[in-house]
């Protein structure tokens, strides 16, 4: 009793936490309804999830407008930072939740599975992701990361009728745990080097003690370990090895979610840690990000060249995209650069592209979720021209063809790199993009220039159609009128330190 | 004479580093997923030890708080991990990590 | 005295760890893990982290390892793993390099920064430091005030674990038995 | 910054503002057509074709109206239209036309309807037409853009329709060719993208705000010598691939050979010109000093290309491939003229861009006709066609002579201007390049002999004569060939002012001095000459 | 009349266009008549212009008629303009005059050919181009004609294009000519870059006004000479002319004897001030090449058995004489010889055509003989042509050749000697030809069975359309020498007429030994011709000696075959090599990069084993490398 009395808890900024609260509440509600109401309709799951996601988006937009004047701040004893960065990322994550949940509904009805657990996991993953993007404390960040990761492990392994799914889950889990340990060790050593686990605190501390002596060793190796963990999460080469296997094995909606929300959260965490906490050590980590970026773009695009499974191709392409975002991260290490904004723009656009792309893969992948080879895409233009066109738009967007959102994204990061004189990395990324384009062209060739191998009717469920349609529309609209998105991304800032 | 030597924080940190290394090694050399998972626990323990040592040497309670949370995470991870492993092992009894390699290339 | 405790604990920690990675029977490995966990608990005690030491023993050794053993028994995977064979070429030397590398680099970093391991943090409340429950109080105060958000996040984490158990434990009809 | 006010001021000073945004229409009308064609029902193919034709002819008509209302003897940009587009990045929808781009726009406007009317794709006509119209929009955009970003996206978007045209309607190795075309060209522009951004970023210092506006940067920004060189090279790689300049040319024979006839005509006719045009507009204009610095290298590459392309063409066994290699040689001349930087050479280059578009376009059309009739392009399998199809042979002959560069036809006018202009500043290159005219005669006449002369064998003896539609189509080309060859003055008088302005710009921003009129010839030549 | 000068080329052009559009409808013989009338009308206009010019003082004999501005760019101002002056009108006169005759002749010769209208279409186009060449006010208009005649020559040589040899010959002519065109273009570039204009008056004014540096003038002159070598079949570019005999005979007469091949001579005469301003050695080069060509071709002509080939080599040889004249500064002599040569060589060619026509397209002289009786008009006129070319006084060829030798002697006695030997050979081989064709035994009976299918194989005289031109040309060949007789100053009509053109540059040989002893040289020349004729009669008519016709001469010193072997062998290999280089190296590099990426992809793929423990190792290595970097940053 006396303990409680002597405690003066920190203020809780409830309004800023609305997205988290909405999602958490919906999770609990969903689980309760699903287990307690016997006649709970299957469609209720996706409705609740969508409602939660959309409500969170709305709450975030309201918050965004609020933050338009207030640059944001840290709350709850510096545990989290609510700023335009975190709100922007939150919106993107919620969009990913909404899209993936729609896909999941189609997926589940096709595989005749049920249960609200997967939707609940989407939402807990989103909670983890949102915590990650707004964490102002390495421990909080770690907890968010684990919440996200554990949800993802489970989702990846969730199709228990499909062995690949379980294999993916286990691989992801083992390697994820391995990488988490590195990350955690990094947190520990950075804690040792800077004396804090708070991100803004580390920034102050590193700025205060310009320690030319001694703790640098521990601090820097700590940063290194941190970056190993983060690089794993963003699937930067050579830490990308898990990505293709897990993306291929996981149920397609989950893959879409991992590639979108998972990436957003990981990159957001990376950006916040590197630029806010370790901004003063940019000279140390920028070369590493530089190398990671170049390695990642090349590994991603090169390895995709000989693949024959479209889902796997897209996972390699996601690695390549991660490399591009790393280009932006590298630029963000420069004080004057706007790598932060361009990386976030890239992530937002990539989320749209990846949802649409995997929606199409889902549409074609058949009941057992395995018809995803190039052969299955042959002659799609003859079978379903609209679907082929939509996929082509999304693929060309990923390749960075103008008038699509993908170009805006690529242009943005290259611009931010060039503006801070990182020419080599910009050129390397562009060259890798050319190699990567081969991958997209191969899929396009299959769809448009080859004869169909099967004449089965392709049934595209309504939710999938919605996702594809919205994603293609967004791709083109952003590609032609990127102004709104760019202006919003220009405002993305961290809370004042 | 020996008692004159006081183990400093560094000693503990070194032990933790070695423990972490052994854990890392274990993940790579063991084939049984359960044992691999135990090795990850070793790594987490190394981190815990580091946190506590640093907490002590800096006289800062936050290190211990971190350990508390790590333990929670470890517990949750174990639950989830064992859940996945059980669901796999129920279908393929005695499968090792090496047997799960259908996804590759 | 402290030295002896340290040496004993270190021996437990490292011995247990080596046991984990060398014992071919998973049960033995789990028991070696317990040894390590106890060693770590001892070190916690010598750092005056009594509460954590207790949690270490109760939760880690008591709950987690038991869970491990439970699963081993449940699945009947307690057959010994033939450690003398390594199917993947050059796996062990490479693994050794990585293990040694990580340890070596971290140790080098620690040793290079040893003289500065006294950056003061928020500090431990001196008024209660002498009390028997000082450690627990401080920890509690910190967890429930400054780290309350993290604490709440752990609830979500545990929720995930619960959902996971439900999801993974649910019986499914294997339609394609062969696959 | 106050970009909008600046733009407003500029618009006010730009006196010749067309009330109707004709240049925007030139880009948007084909896009509209493409969309319309794409969504039309496939049940009435003739309506689809009619729609496509109407849109293409409409665009062509607008381009011709543009030609008629273009003020000759005026060097600056006309019909300028500028609107804010992506203000966050300083990008505006800035279009304009001057003597350098005018005829390329007109050529584009004319060529597309001709291709749509004259060449049948044989299958999936609806899709084919949609891609073609989209391609037209892209090409138009490239020639009209006065904003680096805008130019780049049009330059790049062109790849997509062309890729589909080659890959969807081409011949047996079409996918290889299409992929090679796409990736190679994309690789080239990869460097340009970085260059464009760097240009804008570095120009910010001089201009005061971030903008991709071509005119702003060219007129107000000054780059450090080395910086400008790197930037220039980054642009030059993209253009060199697009042109294509030796040794970046090997995508072209494959793309040309495998593309459907319509695609080849467009590819040779206008797409390659995006590269040569780029050199003028974004090479010389943006980085005059660097271009002058790089002059010897590009003159050398161009000269090698002329000889090398011709020699490679000589040894081809596929008629279409031969014409493709001839393009390498011809475009070498254009680049030679571009980097010679004299009034005659540059005017000749611009003119030759159009000429090559017409004559090589016509050659590809006719090779396509041969393929339609004989289902082969192998020279060895063709023989004695002149005996059975004299009119076709005659048409081929005229176009071929234009390509060889016989005076009185358009090919000569451009080539001669290039050479005579280049001789003043690039003497020895020109002397070597001029031997290209020998080789041009060699490979084309040899091919002509093998294909048209001789006694037709059985397979060729039933070679059908030109049909009325084909004849009408070729007549347009031949009329253009003859008219431009005999009376190029209207064209020259529109090109020259802009070219002279460009040269003055180069002179003003580099140590280069263009040769002046020769009043005292003895002084200038005492130490040179004497072959 | 002068302002009607545009009509001169316009009429043949109109003929060409009318025949292009209506030729098929008109058919034979109307299209031929149309073409002939157009050329004849052009001749009439030319005569009118000529008299107009003649009525003016020599300074005023210069009129420029500008049609429109052709290529005006910057300082380059090229007009489509015609220049009427003594030289151009002289050329135009015999082009249109002889052209009309040959058109007329062709109506008969081409009788029955399915492509009759097309032939006349080409002929008219040729006449138009040739007139543009000579009437051009500047180098570029000349070049327009220059290339135009080249193209027409190509069309006409390969007129019977189903014959592979004809097709090949046409291509060869065009390509070889293009080598020369390269020279001419380079000359134009040099002229423009040093004088700033392409107009003859401008360049020549600069040259005569000494504002043109000698070295530049030399450059221009030599490049022009390269051009002339191509067009006028001089060594080493003469190759195409013998092959050009594949064309119909009227073509050989018009293009490859009378007009086109002399355009090189015309051009150098036109640009004579530049040649004059050039270093003296340039003249020597021209003269030497000319003399050597003359000798070379004459030796080859000795051993030919094809009636047209003899004449073809003879043409090369005579053109060599003209260049010898140019190189010796004897422009008037060159033009004089060009005119007389046009008369008699056209005559000889048409005569040979008549023979071929009468012999049912037999061209081998060994299968002829005693045709004089069968074809009296042809035989008589051919003999006149023979006398003219052989250098028998008072026929036209004698006077012009003698004038050249006179200048050659004054200039360089060695070259004169070559000229004399050539003259001897000329008399010899022409006599040989006349004997083989018109005298001796009728050998065509021996091969009767070969012609059996044709039915009547007896040679017959040609129709009037063909013989009329023969008679007219024979008359001209007789009196042509009157244009320039060396007797007194006033008999040198051509010299006075051309004075405004060449007065700066014509070599003055007055007072030299040669001039003083020109009668001696004249007599010597007669002796030389007589010797040649006598020797030939001795060999071929009397059979007193074996003919010396070594195979190497028949093969043209194997020059052609060597060049062909080179082109077909190493040349082709080199071209193939470059094509292979393109496919293997340049394209190979591109495809190689693609291939390497694939290989690399395959290799990297191997690392993606699917084994989670391998992944851990890869991650571990990545971690160690990164940590090592940070450790180094921290510790060092």
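Order of writing sets the chain letters: A, B, C, D and E. Residues in each chain are counted from 1.
Methods note: contacts are C-beta pairs under 8 Å (C-beta built on N, C-alpha and C of every residue); 3 or more make two chains touch, one makes a residue touch a chain.
Since the structure is predicted, the reported quantities are computational estimates derived from the model, not experimental observations.
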Partner chains shared by chain A and chain D (touch criterion as defined above): E
Fewest touching-chain hops separating chain B from chain C: 1
Chain whose Cα centroid lies nearest the overall Cα centroid: D
Between D-E and A-C, the pair joined by more C-beta contacts: D-E
Chain separated most widely from chain E, comparing mean CA positions: C
Separation of mean Cα positions, chain E and chain A [Å, integer]: 78
Intercentroid distance (Cα basis), chain D paired with chain C, Å: 69
Chain centre separation (chain C, chain E; CA means) in Å: 100
Separation of mean Cα positions, chain E and chain B [Å, integer]: 96
Multi-chain contact residues (two or more partners), chain E: 605, 608-614, 616-617, 620-621, 623, 627, 631, 634-635
Per-residue multi-chain contacts in chain C, two or more chains: 88, 91, 94-95, 98-99, 102, 105-106, 108-112, 114, 117, 119-121, 147, 150, 154, 157, 160-161, 164, 167-168, 174
Chain-chain contacts as defined at top: A-B, A-C, A-D, A-E, B-C, B-E, C-E, D-E
Chain A contact footprint on chain B (complex, rising order): 13, 20, 23-24, 27, 33, 36-37, 40, 43-44, 46-47, 50-51, 54, 58, 60, 62-63, 65-66, 69-70, 73, 76-77, 80-81, 83-85, 87-88, 91, 97, 100-105
Residue ranges of chain C in contact with chain B within the complex: 1-4, 6, 10, 13-14, 17-18, 20-21, 26, 29-30, 33, 36-37, 40, 43-44, 47-49, 51-52, 55-56, 59-60, 63-64, 67-68, 71-72, 74-77, 79, 81, 86-88, 91-92, 94-96, 98-100, 102-104, 106-107, 110-111, 114, 117-124, 135, 138-139, 142-143, 147, 150-151, 154, 157-158, 160-161, 164-165, 167-169, 174
In the complex with chain A, residue positions of chain E that touch it: 597-598, 600-602, 604-605, 607-608, 610, 612, 614-616, 618-619, 621-623, 626-627, 629-631, 633-635
Residues of chain E that touch chain B when the two form their complex: 605, 608-613, 616-617, 620
Residue numbers on chain C that touch chain A, as the complex places them: 105-106, 108-117, 119-121, 137, 140-141, 144-150, 153-154, 156-157, 159-161, 163-164, 166-168, 170, 172, 174-176, 179
